[in-house]
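Once you scroll down, you'll see the structures, which are given as structure tokens.
Across the two complexes that follow, chain A remains constant while its partner is chain B and subsequently chain C.
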Partner chain A sequence: MLQSDWPLYEVFIRGRNGLSHKHAGSLHAADSKMALENARDVYTRRAEGTSIWVVPSVEITASDPADKAAFFEPTADKIYRHPTFYKVPDGVENM
Partner chain B sequence: MYTQSLNGTPTDSDLSQDDREALVRFQARIDRDEKIEPNDWMPAAYRKTLVRQISQHAHSEVIGMQPEGAWLSRAPTLKRKGVLMAKIQDEAGHGLYLYSAAETLGVARSDLVDQLLSGKAKYSSIFNYPTLNWADLGAVGWLVDGAAIMNQIPLCRCSYGPYARAMIRVCKEESFHQRQGYELISDMANGTPEQHQMAQDALDRWWWPALMMFGPSDKDSAHSSKSMQWKIKRFTNDELRQKFIDATVPQGDRIGLKLPDPDLKWNASEGHYDYGEIDWEEFKRVLNGDGPCNVERMEIRTAAHENGAWVREAAAAHAEK
Partner chain C sequence: MASTDIALTADPDPLFEYILRLGDNSLVLGHRLGEWCAHGPELEVEIALLNVGLDLIGQARLLLTYAGEVEGTGQDEDALAYLRDAEGFRNLLLVEQPNGDFAVTIVRQFLYDAFNLEFYTQLQHSSDARLAAIATKVVKEITYHFRFSAGWVVRLGDGTAKSQRRTQTALDELWRYTGEMFAVDDIDQVVVAAGIGVDRAALKPLWDQRVVDVLAEATLIRPDDNEFAIGGITGDHGEGLRHMLADMQILPRTHPDATW
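Right, the complex of A and B next:
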């Protein structure tokens, strides 16, 4: 009964016109066409989507959680990148 | 619940100093309510517990299609048939979401399927009971999906990210299941005397097995405390069972059906319903393979898998071209 699984695909769905695609889940399929059809059947049974992307999971390069601190550290001390860093006198509007 | 057979407490012995420190950091993350994601460090026992729990949950969704599938060709109207089909498709989807979540922990789908088909893996005892009359479909939606919801809502906050996200999807779909079941059984309860009798008969047979879905009583369930510490579980079996009973009694009253428990009565000082003793011998028997439908369920599942082999082979051959 042992048989190897079909490739794994990650499924991304655009919920509504104008929104970006968002990760919805994953599934196995023999090829990308089947992945797309199965994604429609399992992830959009209640009109959750207007567009689907399927991506072979092996094609995704992910950041390593073990390096998280070092990898994202450079942004931590640059609070001047946020608008709230700056003082604006009371009474100044439209800014 | 769908994973009611989980037993045995993982031990932390044989850990190196590094492991011990990692374990402390891990628990601190859990205590801060951070989600654990697939590539994060996690103790082997946490991974093992999750693989077992999530895959048993997935198997239950898949086997759970059968009691209802048995009535697809006999649904009394086209509307009821469409509803039933939609619900069964949802359950297949739930199985998929859950298998996918389990696979993020490093197990292969084919291995999980093998474990189910070889009888090595368990699934919920509830699906080993037969659906004898049409009102059973109402009882299943109302009670079985109702109990499932009671268990799954806290799982939406489970510490393991992929499991929690799968549960959020499942819960959104599950409430339709419960409501359609309740509507079905209340239509029968309010129908002819014969229909009312069928509804009552269904309730009589499904009530106790539904209560068993929450798993062994707290005093007999060893694994609970570790799962609580890891925030895989948020409530104990008995707490969830009590919540379910308190929610369900008024629903039965409302449609004129009587829950088959002479000891059931409101306890004003506790603010809960007291209920009678559950037959734990029956629970163990059914879980361990000796329920009314265990053999049939596995035969049908195995046949479906084997009969689908040529489709999988053809699709693989087509993909290679």
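Right, the complex of A and C next:
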């Protein structure tokens, strides 16, 4: 069996408890069990992770770069959506 | 055979011999897996094999360092790894078998991992604190090794007609080296009686059950226990180990003071 026959998987790694999973890269594997083990061996060998997700790449629905203007540009002038218009009382930390 | 070889050392300390056997198993199999570097069937699988190999080299370092301390003549891990000839090695014949095709490498790993997992699980209770501590570290690594090799045995055995044929062939060829894992000698008896070692003979049924379960899932046939090849742990090795050591030892033997 050639690797070209193996489907592509996207790998997400959570570095530490409390953080979210982050996209680490992709790899080929014959099935999801192998994908998980391959991800462990390829992406966590320097102690990068405490949890791994693997997702078949074909299962990911991605936005089309051609839609960039319609999708993302309308938010550019809506600065009032940023929570920067509040006065923070003195003594309040960690805002 | 055992007595002559052991008599080669002036003062054959059974504990030293025992630790040397464990360290040599890890070192030789670790180096064998390293031979896959740049030759793996797939990038991901090659990295996986080398990760297992590096785990084993790490185990060898811990064990050979300890063996050198027990021996007390100043031999460190490097001296033991690089300056002994094949006759001085105490590894099982199984682990020195050449890599062959991917099926041979996987089956060799699987048969050994199944044994090693039982062995080191019990070695955690050794009365020797250092060995018990090493075992506790090593068991986690071997648990993954077994998961990896058993998973591949199932995948290959229950795969295509070709992968099944090759895997069954590998199993039939390597089975004759499995008996040595459970063949105890006087070194074992002394070290087990002291509460330090593990009774390898008693591991056979546990190993067998572990192996049979995986083989059933892999639709492979367990070979019969016929004649077993024995002799590695007393220094009686095949030609393959000599070739492997020539490759492994050439740098430190040619340039004894080399550092990097």
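The rule is short, and it goes like this: the second predicted complex is superposed on the first by the 80 of 95 C-alpha atoms of A that agree within 3 Å, B and C clash if a C-alpha of one lies under 4 Å from a C-alpha of the other, contacts with A are read in each partner's own complex, and residues count from 1 in each chain.
As a convention for this text, a residue touches a chain if its C-beta (ideal position, glycine included) is under 8 Å from a C-beta of that chain, and two chains touch if they have at least 3 such contacts.
This structure is a prediction, so every number in the text was calculated from the model and none was measured.
Colleague: Since both structures carry chain A, what do chain B and chain C do when superposed there: clash or fit?
Modeller: Partners clash after overlay.
Colleague: Looking at the overlay, does A:E37 come into contact with chain B only (first), chain C only (second), both, or neither?
Modeller: The second partner, chain C, only.
Colleague: After lining up the shared chain so the two structures overlap, which partner does A:D64 touch, if you call chain B first and chain C second: first, second, both or neither?
Modeller: The answer is first: A:D64 touches chain B but not chain C.
Colleague: Counting only touches as set out at the top, which of chain B and chain C does A:G25 meet: first, second, both, neither?
Modeller: Only chain B is touched by A:G25; chain C is not.
Colleague: Figure out whether A:E73 sits in contact with chain B (first) or chain C (second), or with both, or with neither.
Modeller: neither
Colleague: More residues of chain A in touch with chain C or with chain B?
Modeller: Between chain B and chain C, the winner on chain A residue contacts is B.
Colleague: Which listed stretch of chain B (149-157, 185-193, 203-211 or 257-265) steric-clashes with chain C in the superposition?
Modeller: Stretch 185-193 of chain B has C-alpha atoms clashing with chain C.
Colleague: Touching chain B and also chain C: which chain A residues?
Modeller: Common interface on chain A, chain B vs chain C: 1, 3, 6, 27-28, 30, 34, 41-42, 45.
Colleague: If we count contacts the way the header does, which residues on chain C are in touch with chain A in the complex?
Modeller: So the residues of chain C touching chain A come out as 42-45, 47-48, 51, 147-148, 151, 155, 160.
Colleague: In their complex, what parts of chain A are in touch with chain C?
Modeller: 1, 3, 6, 27-30, 33-34, 37-38, 41-42, 45
Colleague: Considering only the defined contacts, which chain B positions touch chain A in the complex?
Modeller: Contact set of chain B toward chain A: 37, 39-41, 86, 89-90, 92-93, 96-97, 100, 103, 108-110, 114, 117-118, 165-166, 169, 173, 305, 312, 315-316, 318-319.
Colleague: Under the touch definition given earlier, write down the residues of chain A that touch chain B in their complex.
Modeller: Interface residues on chain A, with respect to chain B: 1-6, 8, 25-28, 30-31, 34, 41-42, 45-46, 62, 64-66.
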